[in-house]
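The same subunit A turns up in both complexes below, where it pairs with subunit B and then with subunit C.
Entry: the complex of A and B
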């Protein structure tokens, strides 16, 4: 990792409160963070610890109750549709459940065309657009000819998630937020998808924010790990540092919760 | 999309409802092409002519006459003149006049008439008989004269030159004319109504107008409800608060009261069928708005909506492509229900005399209103109101059936 790292996305005192009065829930509680360009950050926590809320705030889909987000050193401004569109050219997401991520009434072609159009390719000739879509699909080992004129729900979960990656390939954002992208996928497809994500990162040099409850997986893929407990980052640092020498009790518990097979190939390397 | 439609047409309830509705629409469209009488033309002098085939008597005298020797012709003739009530009345008179009851058999026409001829005397006063009853017996007696006669009837015409009556022809009891050869025959399958109009022709026209009112009002109500529901649900915040304030305001005022007040204040002169449809449409959008809003709220945080946002789509684009298709099935159902409710609302308003003005178009509600004003139910003139009620029932029944069918297709938990 280069010595001089540029901060890509950072935030201070980011808070999200749902409800008010006695029903108040603090989902994210005054968190500070700095994500560097080109790094793979994992955010690990139990379900209900506020990971997804945090992700949605980063994406600009939820308005923070308090705190600021800085994108490339400048305060993020997404107050108008135009500015939001500009911001979303830089940050994209892969959601947890591929089955509910697609509009069931829109064909796969339109999903991919949307991405080309978003990158300013609206005026391109039809042949060029097709070529781009084919390229994106072959990157994730899908055949475009088999997908065209189909609906997303006709694919398997793994294929859908790979199509998501193809989408990101076309959009080439600076940051990708992957919210448990493999948790609904069977174990065999899981490795393929992770590999393809890694390839994509090397290809376009983007920052990946990887959200997961699986600390073994986080150790396997990430450079930096943030541990989230009840809306707070309780521990963060390089993957080795956090997972091999955990300071907090919560982190230790997360590690001990990892199934045996992981434990063996994860921690025997100490 | 094609799959959904296939599934819908596999639902028995939907198909039955759909065919009833399509059949009614076809009748409404085809009937005026075949029967070209103006629907509101007053044809009968007098009201409530019973259903039947009306043959011109004048023409039938001039038509070729055929002799048919049919056995029960005489019996039928007597039976049509002598109703069951008349037979009972005759028996009552005869018993009161002192004939032993067990000697009278009211089913034996010849014996009854014989006893009557031998005993009836209009001058006899029977104790307890009112004047009206006496007149009734005198009229009955007159109508029985010549009932058993087999004599021919002579038709006479006035000679223009000498002014005297001259024999124009003789009609025997066994003479028949062929209806097909009589130039003027009018079939009135449902008779005429209080104004002397042909009920069937008017009913078809009224059904067409009522369906139009239903479609216009239903479409207006669904469009308003859909737009407000989508905006309130998707945008939320202050917009939601304002829209829901008005929706709740309209919810607590009963629609029928609102309809009556608005119709009344528009005034008799300005109330056309279209105006009434618009008024109904503008007062019945409330429940659609509430239901659509609830559905949109559950949709707006789904991942596919988030993905669409991330793809840089505008709010309008998201509402139209990511929200609307998901609630389309509900909206279609709401539309069907709104149409049938609007037809009922028009009927309700018109019965109260607040429907469209009466001189230009009939509606199902107006026909009921006229039948009620002219006391058709009390007079037993069923053809003036029963077919109208059946039409209303059939229209709303078919639509509700379609609705239930759709509900079962779109909501698998309701399938049997």
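Entry: the complex of A and C
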């Protein structure tokens, strides 16, 4: 990792409160973070710890109750629809459920074509567009010839998730937010998707924020790990540091919850 | 020789599609589960794991059809029985099933207790509500669930709690064998561990005698079950004890599955995950020879000629590959050496 790292996305005192009065729920509680450019960051926590709320705030889908988000050193401004669209050119997301991520009325060609158009490729010749689409599909080991004239629901879950990565490859955003991209996919396709995410990071140099509840996945893919407990970041550091030498009790518990094969799996802790 | 709880001989079942095409999702599967043992079934999505689980119950409803084979539960052959008889006297009392989406299995307009009342009264209409409540309470408490859950609606429970409630409900009539079809795939790791602990408790407290556990997470299977069977395209391709299958797989597909294991242990970052390229074959027109041949690294011309039988190997294990044990082991060793250098 180079010495002078540029901060890509950072935030201070970010808070989200749902409800008020007696029914108040603090989902994200004054978190500070800074994600560097070209870094693969994992955010790990159990369900209900506020991971998805945090992700939605980063994406600009939820308005933070308090705190600020800084994008490339400047305060993020998404007050108008135009500015918001401009921001979304820089941040893209892959969601948990591939089956509900696509517009069911649109064919795969259209999905990919829209991405090219979003990047300002509307005036390109047809052959060039086809070539770009083919390149994106081959990046994720899908065959473009087999996908044309098909609808996304004709693919398997793993293939749909890979098509999502192909979209990101065409859009080339600065930040990719992957919210549990592998939790609904079986273990065999999972390896492919994780490898493709890492490849994407190396090729385009984008920042990837990988949200997961499985600390094993986080250890496999990420440079930096943030541990989230009840809306707070309780521990962060490099993957080796956090997972091999955990400081907090919560991190230790998360690690102990993942089934092991080389060590004894202690079931008595829950 | 301990008591065999479930024995399945050459079971074949098929799905019939709208266009009258037959899909043999379970193809000549034989298995045996002994008392106090648990069996794990692994495989990727679409390989027939869930169809096998449905078929094992002997309760077929279109589009799933029975073709051939026998299912024997504790000495009783249930293959020729009428669906109604099976529902009344087998399901719930002899064999019980936890569906994949157990989170949605509870009725949102009923309290948990009235759901349990339905289950119990379907088998014993003369039980009073008080008796059922006592039974449910003692069952829930033994399994580490608070009795207050009984008076709650499913929406008030968290995902892990719902899953555990469904498990407790499914064993309330003390079935001999429980089939758990991916009970933890929709849960986070902490709730998953609670579910696993509960399944282990069931065996220890004598609620069930044997367990069949279906999942695609191999580390989980390794920790839960005694034996593992690997399924591919409707067939069993490898079977053996958990240790044998995880650390010394024979079939190339099983070997490929082991390559996708991710654990938070030292050295994992340097391990290159090996995904299996390609997709499973279309079972409408299964290939003539080995079903894995299209994706196999060690494929030979004679692989694609005739169906491959299940060969038995040393240590009571079986595998479905025309290559011999020694050839396969040597090939894996060569591969490992090449990766290391």
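Just so it is clear, the second predicted complex is superposed on the first by the 261 of 270 C-alpha atoms of A that agree within 3 Å, B and C clash if a C-alpha of one lies under 4 Å from a C-alpha of the other, contacts with A are read in each partner's own complex, and residues count from 1 in each chain.
The definition used in the following text is that a contact is a pair of C-beta atoms (placed from the backbone, for glycine too) under 8 Å apart; a residue touches a chain by one contact, two chains touch by 3 or more.
What you see is a predicted model; the values in this text were computed from it and never measured.
The superposed arrangement places subunit B and subunit C next to each other on subunit A without a clash. Contacts of A:81 after superposition on the shared chain: subunit B is touched, whereas subunit C is not.
In the superposition on chain A, A:21 makes contact with neither subunit B nor subunit C.
Shared-chain residue A:102: touches subunit B; no touch with subunit C. By the touch criterion stated above, A:120 is placed in contact with neither subunit B nor subunit C.
Partner contacting the larger number of subunit A residues, of subunit B and subunit C: C.
Judged by the touch definition given at the top, the superposed model places A:255 against subunit C, while subunit B stays out of reach.
Once chain A of one complex is fitted onto chain A of the other, the partner contacts of A:243 are limited to subunit C, with no touch recorded for subunit B.
When both complexes are overlaid on chain A, the residue A:192 reaches subunit C alone and has no touch with subunit B.
When the two complexes are laid on top of each other via chain A, the two nearest Cα atoms from subunit B and subunit C are 13 angstrom apart. On subunit B, the positions that touch subunit A within their shared complex are 1, 302-304, 306-315, 321-322, 325-326. Considering their complex, residues 56, 59, 61, 81, 84-85, 88-89, 92-93, 95-97, 100-106, 114-115, 118 of subunit A touch subunit B. Contacts from subunit C toward subunit A in the complex involve residues 44-46, 158-159, 187-194, 196-197, 200, 216-220, 222-223, 246, 256-257, 259-266, 268-269, 273-277, 279.
Subunit A meets subunit C in the complex at residues 46-48, 141, 156-157, 185-192, 194-195, 213-220, 239-240, 243-244, 253-255, 257-263, 265, 267, 269-270.
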